[in-house]
Amino acid sequence: MTVVALLSVAPVTEQSMADEVAKAVEALEEYDVGYETNPMGTVIEADSTDELFAAAQAAHEAVDGDRVSTVLKIDDKRTRDAAASEKVEAVEEALGRPASSDR
Amino acid sequence: MTVVALLSVAPVTEQSMADEVAKAVEALEEYDVGYETNPMGTVIEADSTDELFAAAQAAHEAVDGDRVSTVLKIDDKRTRDAAASEKVEAVEEALGRPASSDR
Amino acid sequence: MTVVALLSVAPVTEQSMADEVAKAVEALEEYDVGYETNPMGTVIEADSTDELFAAAQAAHEAVDGDRVSTVLKIDDKRTRDAAASEKVEAVEEALGRPASSDR
Amino acid sequence: MTVVALLSVAPVTEQSMADEVAKAVEALEEYDVGYETNPMGTVIEADSTDELFAAAQAAHEAVDGDRVSTVLKIDDKRTRDAAASEKVEAVEEALGRPASSDR
């Protein structure tokens, strides 16, 4: 199986969050997951929910702050071994073009 | 500290989801968390992120289905011991009325 | 049809958010929606997506702040007229008990 | 200002969702927004919340299905004109490397 997720971890602070978000991303390196950060979070792909939840918790804890806000959205396809990238490819095939704007 | 979260676990199925959602709720009983289900998920309150992530993973795994969609949204107030209910009470105090419609 | 959603609107600030969240809740009064605030957001129920999106946008805009973080999660059952409360009742029937902890 | 969001629209169906997700992406073309689809949703960037909410609603309605599940997560930076891409660049500068795995 492949489990794909989006993880967003952010300290609730009026300061720039980039340094803290970087700590969350760095924490993922200790786990057997693939990941890629986009402007609204980090897409994570793992072979097991154990690995996914452990990585997400580590990322959450790596961020310092009195208050930390985290969102984890999971798409757990239990009977298929589809890479995360295939989800975008299938949409682009249906669209007949890249799934992004020219803007 | 108190960590409060919203957890939604749902099998991606055209059938009724209630039986599967009930399994997710039942799974929480094995953990030291408080919880209450609302129409869009279950609010969970825990004393540690360890307990929260363990409970959320167990709820996710308790739901059967070829594809399961889960959302976990965490508000981790690390320097305060505020019960989840106090969040609503503070909003209602600011509103000067219950934070719900008459409808 | 009935569309049910969870809306969370929060200013990204180290101060207490209750006053701002109260403004978001108050904004809902101008729309033909039912709502009830829980510790992680406000469950909204509307008869149309027009009304839901208009209410959600108004709540988002009612909150002051240099940076505002909003999450809107929608469950749009287009062929059924089920009240939001029936979702919890169905889970509780499957559980055979209230869907909340004693804690 | 620039408002950045993640939008996920999915029919609750056991069939492949790619055709329906493509309709949601196509609907964005009618709005003055930038967007790019990733494996867990589409990052949208707009100059106003009006444009963002209108585009999100259109995408939600473009997807056919008896039950449609949508998540919209908004980061509204009201006092800054920062492109969505700058958020990732700031994290990568803090990391000192690309914010993605080699895997």
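Letters A, B, C and D mark the chains in the order given here, with residues in each chain numbered from 1 onward.
The working rule: a contact is a pair of C-beta atoms (placed from the backbone, for glycine too) under 8 Å apart; a residue touches a chain by one contact, two chains touch by 3 or more.
Remember, it's a predicted structure, so these values are computed and weren't measured experimentally.
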item	value
Option reproducing the contacts of C-D, where over half of them reappear, out of A-B, A-C or B-C	A-B
Selected interface, A-D versus B-D, where C-beta contact pairs are more numerous	A-D
Centre-to-centre distance between subunit D and subunit B (centres being mean Cα positions), rounded to whole Å	25
Rounded Å distance, subunit A centre to subunit D centre (Cα mean)	14
Overlap residues in subunit B, where contacts from two or more other chains coincide	66-67, 69, 71, 73, 75
Contact graph of the chains (line, ring, star, complete, other)	complete
Residue ranges of subunit D in contact with subunit A within the complex	4-6, 8, 16, 18-19, 21-22, 25-26, 28-29, 33-43, 45, 71, 73, 75, 84-85, 87-88, 90-95, 99-101, 103
List of subunit C residues in touch with subunit A within their complex	10, 12-14, 66-67, 69, 71
Complex interface listing, subunit A residues touching subunit B	49-50, 53, 56-57, 60-61, 65-79
